[in-house]
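Quick one: this structure, given as structure tokens, is what I'll be asking you about.
Chain lettering (A, B, C and D) follows the sequence in which the chains are written, and residue indices restart at 1 in each chain.
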Amino acid sequence: MLGASGYTGLELTRILERHPRLEKPSLLRREASDGAADLAEIFPELSGNGGYPLRALSWPEVKRQGIELLFLATPHAASRALVPEAVAQGLRVIDLSGAWRLKEAQHRAIYSFQDADAVTAAELTSRAVYGLPELNGDRLASAHLVANPGCYATSVILALLPLLKSGLIDQERGIISDSKSGVSGAGKAPSSRTHFVSVADNLSAYSVFNHRHLGEMVEQLGLNDTQLTFTPHLLPIPRGILSTIYVHLKKAMKPAEVESCLRNFYGGKHWIRVFATPKLPELQFSLHTNYCDLGFCLAEDGQRLVLLSCLDNLLKGAAGQAVQNMNLMYGWGEREGLQ
Amino acid sequence: MLGASGYTGLELTRILERHPRLEKPSLLRREASDGAADLAEIFPELSGNGGYPLRALSWPEVKRQGIELLFLATPHAASRALVPEAVAQGLRVIDLSGAWRLKEAQHRAIYSFQDADAVTAAELTSRAVYGLPELNGDRLASAHLVANPGCYATSVILALLPLLKSGLIDQERGIISDSKSGVSGAGKAPSSRTHFVSVADNLSAYSVFNHRHLGEMVEQLGLNDTQLTFTPHLLPIPRGILSTIYVHLKKAMKPAEVESCLRNFYGGKHWIRVFATPKLPELQFSLHTNYCDLGFCLAEDGQRLVLLSCLDNLLKGAAGQAVQNMNLMYGWGEREGLQ
Amino acid sequence: MLGASGYTGLELTRILERHPRLEKPSLLRREASDGAADLAEIFPELSGNGGYPLRALSWPEVKRQGIELLFLATPHAASRALVPEAVAQGLRVIDLSGAWRLKEAQHRAIYSFQDADAVTAAELTSRAVYGLPELNGDRLASAHLVANPGCYATSVILALLPLLKSGLIDQERGIISDSKSGVSGAGKAPSSRTHFVSVADNLSAYSVFNHRHLGEMVEQLGLNDTQLTFTPHLLPIPRGILSTIYVHLKKAMKPAEVESCLRNFYGGKHWIRVFATPKLPELQFSLHTNYCDLGFCLAEDGQRLVLLSCLDNLLKGAAGQAVQNMNLMYGWGEREGLQ
Amino acid sequence: MLGASGYTGLELTRILERHPRLEKPSLLRREASDGAADLAEIFPELSGNGGYPLRALSWPEVKRQGIELLFLATPHAASRALVPEAVAQGLRVIDLSGAWRLKEAQHRAIYSFQDADAVTAAELTSRAVYGLPELNGDRLASAHLVANPGCYATSVILALLPLLKSGLIDQERGIISDSKSGVSGAGKAPSSRTHFVSVADNLSAYSVFNHRHLGEMVEQLGLNDTQLTFTPHLLPIPRGILSTIYVHLKKAMKPAEVESCLRNFYGGKHWIRVFATPKLPELQFSLHTNYCDLGFCLAEDGQRLVLLSCLDNLLKGAAGQAVQNMNLMYGWGEREGLQ
């Protein structure tokens, strides 16, 4: 894995080392000289377990070790540069950044990618599988490049898929996702925005109408850009996302019908839990798990529907989902290593 | 004041004792025998300031002391019973509960009031002024019964008033308020819902489509009951409300026009602060103040508008607003005692 | 297991169900009629995993199921009553309450036990093994009744054992443990003390000089009652304990000598991590693990020593340690089920 | 005031602008070109009150405005350089940094001051009054340079003064202060240490045996350097300090005697509140006030004493105390502007 020094990298390291199909993961870093020699220097919570050496990335060495699959928990610019190299080496890649998620150029524009080889980049973009296992599970077995979804995007897409795919939502009326995330979603780099005093006893909205994850959502949901309003907020907690999603149904439904729609869509999908009205998921329930919890409230008019979607941004929203994708790429059980 | 032992009562006590027009407030309780003899026994943070004796309510004694104005920070059932008595004694009353806010019976139904004297109750209901000073400021000078608004209602109504009154919002498309409140809004009584471990590292929605404050909002905004969707959430912080409100404008506007609409409506109103795009209010900015902070983001299409509204639920959402109402009832400056 | 509905019971349930040597645990409750039929009704975070039925305790049924070992996560009075019954049935018991930890009557007095059969109670008290595996690991294989230590006691005893057993501490000068715990240590019952608003933005000391865990500490450490001052504090976090412990060394030492003493004492003990000066353990590092993290700072005079001890009160301080004890009772690896 | 852009500067600005004896304070900054033109750009919570322009420091301009008193909320190196200039201009100065608090060179060494004019610096050091009003109140009227105490130091010194000055503490046995502070004490500069995710759900000790405030404490208390052990901890809250202080009394006392000692020492001092056993101060009680709250627990042996001391690090620990000092410098009431 490359990029273990972030919050996502830490979670991924922990899951991979406990995974029953794998040995302790090989941790790489981009340059030989910089930073810590062992991940436990950065995250002392890893102490006492035999060491997590960070080695400089070298393709010959990767080959020598017999590595088949590379996780990238690197910033999107780095991922955009590294993936062509890795694929050229014959590696399969699960990239956790936003580098390969977007099919449409107008959505990618927000990232300002600078591709050394535009043809290869375009080709990889078209081959990349958007790694939402509940949606694209059957495409993973043969995937060479998996673009692991954004945390917010996972939360919003999973809530909307069943009703949208069933044609029950009046898209013309607009869909709204009011989403709230813990601070680990903002990354580990210190800034005035992530200072404890700025976050504690606070709640703030940001990137309204222009958050990077919006493109993923509309592409995967088949919406046009004005049909989805997405407002992220920064919560005074370390981790977790709750999205409150507002849709208008084409015709009046009963709560039991909404519940059936969700349950049928996700039948057999272990990592989705549907809560039955009047029970509602709370952010806390999914923390430290790979679950995405879904629930809803339907107005008496039967048309105004509020969907709730909760997950742990570092697990189902990142590292856990990456491992779920790996399991499916290799034909293993979807739950392996994630209990 | 009656009901000083709750969070709102504590804040009200603190404001009143510092108010330049007033002496230390007289603190009453409903029965002679129960509970603490001094408010500092309940709130040790009040120690060292000469005592806050709690005396049993007795109308003759109230008269003897020359009390003119009674604040009720009591539960709504108690307020519903006490106000007729107090008014009969010739007192002016500011009631902080939901007992007298609602004009329409179908909204009041949620409270299940049991009125001893239905005629008087109906008459008081019709005379009660909804104490939102920015809306009803000119009716306060002559008011005898002021129904102090709910905290969520204040947050939502103040954000929507300017654009709704100007006829700019497409009400048919529906209005959504996704509101988030700190835990003091749930009151001081211990429950599994307010247990620290249930709230910390969590966020949860509750009372979706049927929160008590919804009636106030639609009545004061002149909406019908299906035009406003209101979803309250419990935040892991002690105090503060942020409402994220979604409206669709009848025709495309520019950000500067939205800003003008807000600024013009609240010109001269000290306790409303309008933030200019791209600056947005954050919950923290209004804590420990009587401000309601308003801001907004407008989509590129010029029609999808997100309004943000922040306030301190114990101040502008309760005790501070009550004192603002008192100031206007007596012709004093709106800011007195609230700096 | 009996008592699954508390925070400790939840953690224990989770560990036991993942334990490679065990099937899903049998969850019992004291009376047939009360409360939930399934633990997932109390803890919705358990949903989606096939159910956690709570069955009324019946000794014949326990026998029929072939249960050999009973975990009690019940209040101490219940444990005091149940253990004689369970032992009479031939069961081995790990009790997580304070019911069987104390050897000396003057320490037990604080619990006011009412034993139906004083002789049996005395006999069980003397046979009970204090379940601190790093101290009594060799007595667990034959133990029938294991008294699982208190969370604070575990934190303090583990920090002090190496230097005390080595005779390096000047006990006459007094030992002080200034300990801080998250709120789950106070239990799940709602109270004004555990109300979110009382705890957030706060820190408070309580039970100074008379906390129940003090007796365990002095008994296990071989101190007399005035040699240890213990001050617990309530932290505004859900879980975790940090103890800052002050001792005076008999003669001046060097940091490397202190470190050696700790490392030698705990050589081969997986669940103790010793941090080397100048690195210090932080409360966060041990959360969601079964580790007890130890570190220290030594003054320039070589005699004033500050020890730091961190653990997760629900794991190494309760459920994790109980499973560690079980592992040793059955001759399994100490780490099994606890990774 | 110079240095308004930090947390202390913000609090000081707020207090000064409400102070009945003063006009809105003049806010200065060290260089004309850097940063914001108005403090409300840095702290949006200041919006709506007419502006807080930040002007470049120029001594002629200071003179022209008739400024008599300068508050410095600057880093210690800046204060060390600026104070000689300011005093030369005939200004009185209250410096909130550590630049002028220490009389003894071995304590100052930790700051590594580089004085342009060592003679003047030495002379100012000897003239500087340590601005703890409860200790040095009578020296303030004539003071030209007041060194406002550190937040931890205020907390520890105020708790220990009464018993130490009365000769009741056995200093030879050693005194321990286990202190815990909110994050605003670490300043506003972002760092990995103040990142929300590092602080939330955590508690950590730091600078054990070598915190900068230790020198102030021993100097003001008349202790030698090995008699006081001071361990600061970082709490997951924005503000507030609680110190738990352990002393051994020379002879056994009764709780009422300890209480009398505290009360007598602080008789007439408004900003000290003594809590009577068994009531204990909690950190929360003093937040947003200028109080230092003191309480204690005495062991049954009558000699082991635990003192508790709570204050708001930004008020009694910084800006509030600075204003209290100003009040006494000008012969005003100690409480003015601080209610």
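FYI, a residue touches a chain if its C-beta (ideal position, glycine included) is under 8 Å from a C-beta of that chain, and two chains touch if they have at least 3 such contacts.
Since the model is a prediction, treat every value here as computed from it, not as a measurement.
Taking the mean of C-alpha positions as each chain's centre, the chain lying farthest from the centre of chain C is B.
With A-B and A-C as the two chain pairs, more C-beta contacts join A-B. Remark: chain A and chain C have CA centroids separated by 37 Å (rounded to whole angstrom). Centroids built from CA atoms put chain D at 46 Å from chain A. Remark: chain A and chain B have CA centroids separated by 40 Å (rounded to whole angstrom). Counting partner chains per residue, chain A has residues 198, 200-201, 236-239, 282, 284, 287 touching two or more of them. Within the complex formed with chain C, the chain A residues making contact are 18, 44-45, 47-48, 201, 270, 273, 275, 279, 281-282, 284-289, 291, 293, 339. The touching residues of chain B, when paired with chain A in their complex, are 173-174, 176, 178, 180, 198, 200-206, 208-209, 226, 229, 231, 233, 235-240, 242, 244, 246, 248, 280, 282-284, 287, 297, 299-301, 304, 306, 308. Residue ranges on chain C touching chain B, taken from their complex, read 7, 183-184, 188, 190-192, 194-201, 236-239.
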